[in-house]
Amino acid sequence: MTGSEQSNSQQHSVAIVGGSGYAGGEFLRLALGHPYLNVTQVTSERSAGQPVALVHPNLRGRTNLKFRKAAELEEADILVLALPHGSAAKRIAEFEGKARVIVDLSADFRIKDPELYRQYYGEDHPTPERLNEWVYGNPELHREELRGATRIACAGCFATSVILPLYPLLKLGVLLPKDIIATGLVGSSAAGASPTEASHHPERAGSLRVYKPVGHRHTAEAIQELPGRFPLHLTAISTPRVRGILTTIQAWIPDGYSDRDVWAAYREVYASEPFIRIVKVARGIHRYPDPMLLDGTNYCDLGFEMDVDTGRVVLMSAIDNLVKGTAGHAVQSLNIAHGWPERAGLDFAGLHPA
Amino acid sequence: MTGSEQSNSQQHSVAIVGGSGYAGGEFLRLALGHPYLNVTQVTSERSAGQPVALVHPNLRGRTNLKFRKAAELEEADILVLALPHGSAAKRIAEFEGKARVIVDLSADFRIKDPELYRQYYGEDHPTPERLNEWVYGNPELHREELRGATRIACAGCFATSVILPLYPLLKLGVLLPKDIIATGLVGSSAAGASPTEASHHPERAGSLRVYKPVGHRHTAEAIQELPGRFPLHLTAISTPRVRGILTTIQAWIPDGYSDRDVWAAYREVYASEPFIRIVKVARGIHRYPDPMLLDGTNYCDLGFEMDVDTGRVVLMSAIDNLVKGTAGHAVQSLNIAHGWPERAGLDFAGLHPA
Amino acid sequence: MTGSEQSNSQQHSVAIVGGSGYAGGEFLRLALGHPYLNVTQVTSERSAGQPVALVHPNLRGRTNLKFRKAAELEEADILVLALPHGSAAKRIAEFEGKARVIVDLSADFRIKDPELYRQYYGEDHPTPERLNEWVYGNPELHREELRGATRIACAGCFATSVILPLYPLLKLGVLLPKDIIATGLVGSSAAGASPTEASHHPERAGSLRVYKPVGHRHTAEAIQELPGRFPLHLTAISTPRVRGILTTIQAWIPDGYSDRDVWAAYREVYASEPFIRIVKVARGIHRYPDPMLLDGTNYCDLGFEMDVDTGRVVLMSAIDNLVKGTAGHAVQSLNIAHGWPERAGLDFAGLHPA
Amino acid sequence: MTGSEQSNSQQHSVAIVGGSGYAGGEFLRLALGHPYLNVTQVTSERSAGQPVALVHPNLRGRTNLKFRKAAELEEADILVLALPHGSAAKRIAEFEGKARVIVDLSADFRIKDPELYRQYYGEDHPTPERLNEWVYGNPELHREELRGATRIACAGCFATSVILPLYPLLKLGVLLPKDIIATGLVGSSAAGASPTEASHHPERAGSLRVYKPVGHRHTAEAIQELPGRFPLHLTAISTPRVRGILTTIQAWIPDGYSDRDVWAAYREVYASEPFIRIVKVARGIHRYPDPMLLDGTNYCDLGFEMDVDTGRVVLMSAIDNLVKGTAGHAVQSLNIAHGWPERAGLDFAGLHPA
């Protein structure tokens, strides 16, 4: 069993709260292969008493952990909250006594401005005074703040796929401050582990379904994180993939700028990023980012193409929504927070074909 | 609207009971394009009052029918029961007053022998005395009994995919009376319209899941319908398709027999069948039956291949589980019962590519 | 066999040139079920002498036609050209002697302005003087010109999915003349029947691949057909579906306008269109157009959603690229040209689930 | 870059011959994460001079290796041959001078009996005198022979999925010596990286295609490796998955035996196997082996179910055809041959959902 075999003095104990869902399960998978994390507790109200491998069958033979109830939670070095929207914020006081470091995978503590939160989530935040205690868990934008951080609000998946391609260009003034339009193609795992009519295989397998043409909540994260003021429009479409997000973004560059400036901006900002790859190949079928290649990996692949006649640039990003979009982002943030190698636990290359 | 436009003196009014599921919806689709059927009522307890096109969105602009409750059912010429297992048998007296002709799409009246029913369904049949009133709704085997029939128990989908390839060979003595093994690959629509963990897209999209290695209930139908006594073994596996069943059957032919005898048996028994096609092509990629080609059609494609060294013959059948496996079989049976052209309402050719 | 059975004095003989591809095969499928079309010839250089059902296996038992070489082409009432790009234009003189009515499924005669053609196709049109002889085969925009037409240049699939949602709004001034951005999600059949690395199943099955971020040729058709002048931007992404296009379009409405004006425009222009459906449902999972429901049908489903804060409107269209995007559009155009009922041969409702 | 970073005195240099296909690419992926393997050469005639990451895009940023021609092959500690069928045997003298250890991923050296080879491959083996120099690369059956081995003929994928579930039962006499029937459901990657009509996405995506009902070549491996004499029948069906094989096997146990004996046999033979998992769960949706969970892993999951009335047992196995079916099996064999930890380089747990 990985847990006991790898235990050593450097390891930090981890408790996952709400570990029967996809986000918690993915964090568990990554943590079991991490040299410095030792998961000792996983809670699930519904599955308490059962082996975690019953719910996460990929972990058969990899762990003997059993689910416990949250009421039985004991102290740990790190607490990972993988709860439904709103739960973490309401129960945060309960959790704070359990661990020095808390990572929340939900949207509860991502937004700093209570007004922005209310605009997109349709209700007042239950503990607005605490919002500023949390670092937004996006290593590319907040690496310095993450060092030593004890409260990490892991970035949203669609938000990440919008923020990472835009950030360097907005920061360095390579985009015009006009409408920016992002269209995200999202796999079914993003909607979670609970069966619904929308996730019913006969309804979903062949579907291309616009599920959020306007008003996507992750817009709030992008507004908060991206420099400058500009109209940002998000449309989300569900696809038959299980994992993965492919986001295309339509934006415009100023007169006199060219694709060389886009290249330069990405290089300047992301040159030393371990999980950003610029994918722009002249020929072949893998010319641009494709989530097909990223299942299970922590990469965010970025690409772009110019329409020289109009100044339009099409940005493209691809991630695995459960890794770079959720659990991998969290592990990377924890690595930075603790001063561990940033790639620790995140070295899976991805499959091809897949 | 199809309903009113096509109304004429030859048409029979149809009421579909339990019309919000896949079987009822498929019957409705076929009936709307049928020259002699006029659907006037569709019941659904859950969706009563709503347009049927809300639940069956392929029928937008094709019908103005709304769901009603079963309690509001009025008389009709034909009653089609598309209810969960066990409901039709328990409520049959209630339904018999409503129509002269009743078609049941469930398994309730398929088995004639109450003992066989108990063996496979694990309980006593509620109305065993009525079982013999019903004709087993498989036109290829029971065409004569279906003429003028007023009680039709539509054959099961996996059962149909097993019975049709075996029947001619067993009838004409082309198979040895030893173990016959059928492996069925089944699409997700066979499990119905209600979301479950097993049908959750992230769990099903990539899955090849053995869901019934032994003890499949449709074995009872095959035992009842197939001539002779021999051990019959069924294994059912779910695949990522939505519709369709591909069944491969392993059997053995007697010494001295060859694939010519298999050909001859199929030709003798099925030569004039409108919905049986023998698919055995020497080259190319479409050499054998493939459910890919049958979505929406009433065909049962049959094929076979011999292992001359061992006398083994591999039979193959492909159907659309919702058409030839359910609603199309029902329409074909109704056509025979009423003396209409057997292809009426069933002329869709299927798509390629698909 | 459908061909001979349905033959009657009203029927027109049809020859399909280049009938081994997907477009020609789909036209053949539709024509075999059409009351006034009688396909008597199908050419294929590669498959000459073989039954068409060998290449189009969905037509087994539906036709006895065999492929012949184009050199053996005899006269027919209607010639349908389903040839690779550029072939129809180069060989048009050869074909004109064969039939009074010619339908071209390729892009060769769609564009009226040779300069626009050159801009998007990168070469001079070989017979620019003939471009004006052809009616652009989009019934919703050109119904009057199609009546009695003898040269029909069938509209492109992606172009159709862009033109149909935009046309009423641009015609009636419901959109601002600013950037319009269309993102098309396209199935693999749009790339044709020839295997390539891009169509290799292991490379395509899990892929979300941006294959044309800028410079899509169908932009030319949209520019030609849509009223007004505005920047139009197309991005095309391949998806794991086989058939179907889902296009989302981002546009802006003027101050003082609302979604009621969008509704009104669609109603005014498309109220009596037999194959346009406005899909905008308040709840459930089928709220917007979805190509899942349209395989094999001639529908174009349209939907929209407003972002009231920004004036952005998201238009959505879904079609089957081989039917409303190609062969169905052609049949509908032929129906109009000959004064037949516009729905003739196009009555398939589509499947659900599918 | 992994290559240089991990270089150390324990590492063995590896040359992959024919590295542009799926088997070679998968070996490369595994080797790049292996502590004792250092890939220094990869050959491809077609792609010589290009970065390997262009052909295997999952390896972007993981290696700077470029393809070279086989003619440029230099010496290495280990040579991995990933060539088309027949090439390795014909060119073996050329390769033997290049490395002390050779692993062949093809079928060329798997069969020891030239007569058996001829029966299934339809031709004489070019170098029958060398067949006995090679160890059949199945660690579970040949671990002792693999220690120190310098010629390893990696086991076939479908063969592995048949051999591993049967071996313990046949060895310990838990099966009757009557017909054993194996039905394999295979993903599209098993047919290799070259596009064909059969692999064309529109033809394959929805297909359930029986491609080898009788006469599968891997039968030869199973006959060679499995103890006892009994009729063995293999049927292979292609499915829409990219990776993975699910094999169900129908067999019979002697009177007086029960599923406890099956359990016992598996435990006795496989108790300490690092990559065999017995999957037999009483409830839930993951009761049996499913290739969905194994993409990228070296596991072979085994399961079974009894039909107590007939003595029939249904055995089930699931593998990733490219890992436990090819490259992972090879790495595991190399680990044993060199005395390295058997799990080295093979620790990926697999994804869920996937």
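Labels A, B, C and D are assigned to the chains in the order they are written; within every chain, residues are numbered from 1.
Just so we're on the same page, a residue touches a chain if its C-beta (ideal position, glycine included) is under 8 Å from a C-beta of that chain, and two chains touch if they have at least 3 such contacts.
It should be emphasised that the depicted structure is a prediction, and the values quoted were computed from it without experimental measurement.
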Farthest chain relative to chain B (centres taken as mean CA coordinates): A
Between B-D and B-C, the pair with more C-beta contacts: B-D
Between chain B and chain D, centroid-to-centroid distance (C-alpha), Å: 39
Inter-chain centre distance, chain C versus chain D - centres from mean C-alpha coordinates, in Å: 45
Between chain B and chain C, centroid-to-centroid distance (C-alpha), Å: 35
Chain B, residues touching no fewer than two other chains: 22, 189, 193, 197, 202, 206, 240-242, 284, 290, 295, 353-354
Footprint of chain A on chain C - complex, ascending: 179, 181, 183, 185, 197-198, 202-203, 206-210, 213-215, 231, 233, 235, 237, 239-241, 244, 246, 248, 250, 284-285, 288-292, 295, 303, 305-307, 310, 312, 314, 316, 318, 353-354
Residue numbers on chain A that touch chain D, as the complex places them: 22, 25, 29, 32-33, 54, 56-62, 188-189, 193, 242-243, 277, 279, 281, 284, 286, 290, 293, 295-296, 299, 301, 347-354
Residue ranges of chain A in contact with chain B within the complex: 22, 187-189, 193-197, 199-202, 204-206, 240-242
